[in-house]
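Shared chain: chain A. Partners: chain B in the first complex, chain C in the second.
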Partner chain A sequence: MKPTFRACMAWLHTWSGLTMGWLLLAMTLAGTLSVFRPEINTWMRPELRTQSTVNPDMATQTAIQWLSVHAAKSPTWYLEAANARAPYVQALWLEGDAYQDHALDPQTGSPSPLRDTRGGDFFYRFHFELQLPYPWGRLIAAVAAMALVLILLTGIIAHKRIFLDFFTFRPNKGQRSWLDAHNLLGVAALPFHLMIAFTGALTLANMLMPWGLTTLYHQDFSALEHDFNPAGIERPASGKAGTLAPIGPVLADINHRFAPNRLIRLTISNPSDAASVIQAIAAPSASGVGVETHTLSYDGTTGTLLAEHKEARPIMGFYRFLYGLHVAHFAPVFTRWLYFLSGLGLAGVIATGLHLWTRKRCQRHRGFGFRLVERVNVGMIAGIPTAFACFFLANRLLPPSLATRAQIEVQIVFCVWAILLLYAALRPATVAWRDLLGTAALACLGVALLNGLPVTPFQIGVGVTALSLTCLFSYATWRMACAAKEKS
Partner chain B sequence: MLLPIASLALAAVCLLAFATPRQATTLFTPPLLPRHQSFLRTAGFFLLATSFLLCCLAAHAARMLLALTGLLGVYAVLIALCCTAWMHWKKTPSPARKITRTDHKR
Partner chain C sequence: MISSFALRKHAILAITARVIAGVGGGYASSALLAIAAASALPLSRSEAAILSTLLALICWPVMMILCFSTRTAVHAWGATVAFCLMVGAVAILAGWRP
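And then the complex of A and B:
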């Protein structure tokens, strides 16, 4: 009999979901945590909590003073201005052959009082670079984002009773319960899932389809950059020494021109050369959704304005709107929590979908493929949250002055993840589920305890989230322990 | 502005949940009649459309629409869990009923 269109879509949904599901789960969880990237950055630097309210302009000035002394030879300084969510300046500069990426203390401008950590930037980068060198991480992430769009669309077609089952969850019914959970989480936040998948694929579209750009610009990426940002001025170093103009008046002019928005990013090219350029980018508008659209360029030595560009091209505005939707820089705290919950929902859809694949086939002949999927599912679904929780634990447990601390934190995440995957591969699936979910519960409990007495709103958020996850994983552990007992 | 819209949306999702064929037959005794279901469904869709319209008229329309869409998802999951809990409570005999049964046996 010829398969129906719906059956074909269900087949495509199943197999594309299985092949990309593990990667998508890791990307989704990392992306969900990146919604609170600045807050996680601040949480992971508890030294900042002792400081009173920060003046962003003063913080930028002290950071530039410190960089003028300690990173004068770097060709460019990239600075992210301090704000209410992240009360410090994040700076990136070249030292020798390696880029240095540090949070600078708002009072002294030096990175030394703050512990060295990647913080929320780890989750943000991992979300689309997968800790792989350029372009491989982004390329794989782009394929995964496209696959997510396909999986969602085929899932909608394959779901026969989308309205009949809309509010239905029937617990304790085996495979039926898993399917209900998969459908409920998938359908309830479907607009969010479609939006985040589509805008994610669009953000990385040039990785999959670079031919438009290469045909139009013939590998001249400076021309491309100029078209994207006409106020961006590229001046090669003159070779003559120069001193930066006092940054205070420049910042005052930037604030005046950006009002009511504020400065978000400052790039200073050739800071110790006579041909230095200061470029300023505004934060998203107070009412819109899109990312920054206003750029200013100043002569570094005189402080005079060289160029100004306020984005008004419709197609650029549309692109920035879609990109803004994905990164949610515009979002106030309430919307950020909705993004976070919807992201967790997407992770839940992927996890239940992966588990359903094994539940459907557990009564049949269990070949190598089945056993492989079953074990990798355990290692991924229980392993990723545990490994990410260990990142938070490592941040608090490693000595603050430890050398290469930031790298060690990241290494701990991947070591824990690898150990859990190995454990899942070696133990029977039911036992591995029980043990790994128990470990995840303990790791989340550890985060809640190390969070300390909640003082700031974000600390309360961390505490509540960690305790909720502890309860969820503990309940899952108890259910798995019962299942393991029944089997034995 | 968000609070009234959020309340409207909650009422809309509740009505739509009760008007879903499965919930209309399992949650209520006797089951809701088809005409009651369609009335509730119409009222639910009307409230939903009103909440979207109010978002469009708000100062930051795009942001409000996004927040409302996210909120509807959270409501849908919570109400589905409430329906499950209600069904569980309905099926599990209450202690009072148990006592009556025991008495009856005696």
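And then the complex of A and C:
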């Protein structure tokens, strides 16, 4: 008997979903948190006096003053300008052989008053580098993004009647309910899911599909760089010492040219050389989704404009638009919450999908494969949110002056994750579900408590999210506790 | 019993063949499509590079679906190889040399 097209797609959906599901779940949750990367960055540095309004230009000036004393030897400084979401300058520079990535206090320009933390950048980096060395993390993430496109497309075909059944939810019907939830969450933000998966693959396309680029550019990286960044000035160091022009007038000119948009990133190459170059990139905005559509280059020592580029090439503009849709720098606060909720929805689709795989097979013979999937599911679906919540807890509980604090925070996440996976492997699934979901609820409650009285918008956001997740996980724990009781 | 085992073995082989055709062959198809489009599109270098990459990224999942929708695994391989030869020929005609 020849299987139907739909049955083939269902098979492909099931097995590609199962093999990539756990990885995609972790990436989705980290990516969802990355929507609020600047806000999490700020929340994780309570030393910032967020009440006082920070002048972004003043913050950039103090940061550059501090860097010219303490990082003069670095070949490049990368600065993310302060804004209302992150009221400080984030700077990256080279010290010896090691990159230093720190938030700089807007008042002093020094990183020391602020606690050492990766902040929201941890989730952002994990989202596409998976804490693995270059290029492996990015390659795996790119393949996972491509797989998500495939899983979504085959899912639309496989789950017949998803659009018709959209308004159907049959609770307390076991497998049927899980399938309804899977379809409901999947359809609710389906265009978002397809968009985020495809644009995610696109952001890593140079790793995944470099063949178009290599065919046209071969090894000519400077031509490639010039075409992608036409206002970029590649100028080798002259060897003669030089001092940077006063940055105030340069910033004024940048703001004037970028208006009504603002500066997002400043790159200063060879800062203590006579051939220094200052490059400025405009932030995307609600009127222009694309990233890096307007760039400026200035001579570092004189402060005169060397090059300006506004993106007018249609396909390059479209590429920047797609890239901008993924990273959502353009999004005003309401849109960011939509991204966040849709991202949680995608995590829900993946989690219910993984759970359905076991629900469908729990009546049959339970082999090693079934038990493996069942237990890893518990460790991942309940474990990842708990481990991520522990990052927030560690940020508040570790002493602010602890040495290598930032690394310890990250280690805590992976230790917690590993312990929970191990626990899930050793206990019967229903018991493990109950216990780990309870742990997740407790961890989220802990974040809500440590958050303190919600005064700033950052605290309100974290508090509301943490409490909502506490309720969700508590309800799930209660349901699993009932199931565990029935079983015993 | 033996025949059912043989049938099972055959099914596993067929599925493995489809997976390899979809993942490996699909990637090769997409890569060759990227090269063909990059060589043949009458656009500036950067524009052609971007457009060819976008096309290739769409091509891979579509090839994957194609490999699982043909009647037999042999057909899946046939379609993949035919597509590779076609876009490969376009690339070579447009001046690309491996």
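Everything below uses one rule, namely that the second predicted complex is superposed on the first by the 482 of 488 C-alpha atoms of A that agree within 3 Å, B and C clash if a C-alpha of one lies under 4 Å from a C-alpha of the other, contacts with A are read in each partner's own complex, and residues count from 1 in each chain.
We adopt the following convention: a residue touches a chain if its C-beta (ideal position, glycine included) is under 8 Å from a C-beta of that chain, and two chains touch if they have at least 3 such contacts.
Note that the coordinates shown come from a computational prediction; the quantities given were computed from them, not determined experimentally.
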Chain A as common anchor, with chain B and chain C clashing or fitting: fit
Which superposed partner A:215 touches (first chain B, second chain C, both, neither): second
Touching partner for A:228 - first (chain B), second (chain C), both, neither: second
Partner chain(s) touched by A:368 [first = chain B, second = chain C, both, neither]: neither
Contacts of A:134 with chain B and chain C, given as first, second, both or neither: neither
Touching partner for A:12 - first (chain B), second (chain C), both, neither: second
Shortest span in Å between Cα atoms of chain B and of chain C, once chain A is used as the common reference: 21
Complex interface listing, chain A residues touching chain B: 163-171, 184-185, 187-192, 287-289, 325, 330-332, 334-335, 338-339, 341-342, 345
Chain A partner contacts - residues on chain B that touch it in the complex: 2, 16-17, 20-23, 59-60, 62-63, 66-67, 69-74, 76-77, 79-81, 83-84, 88
Footprint of chain C on chain A - complex, ascending: 2, 5, 8-9, 11-12, 146, 149-150, 153-154, 198, 201-202, 205, 208-209, 211-213, 215-217, 223, 227-228, 313-316, 318-319
Residues of chain C touching chain A in the complex: 30-32, 34-35, 37-39, 43-54, 56-58, 60-61, 64-65, 68-69, 71, 96
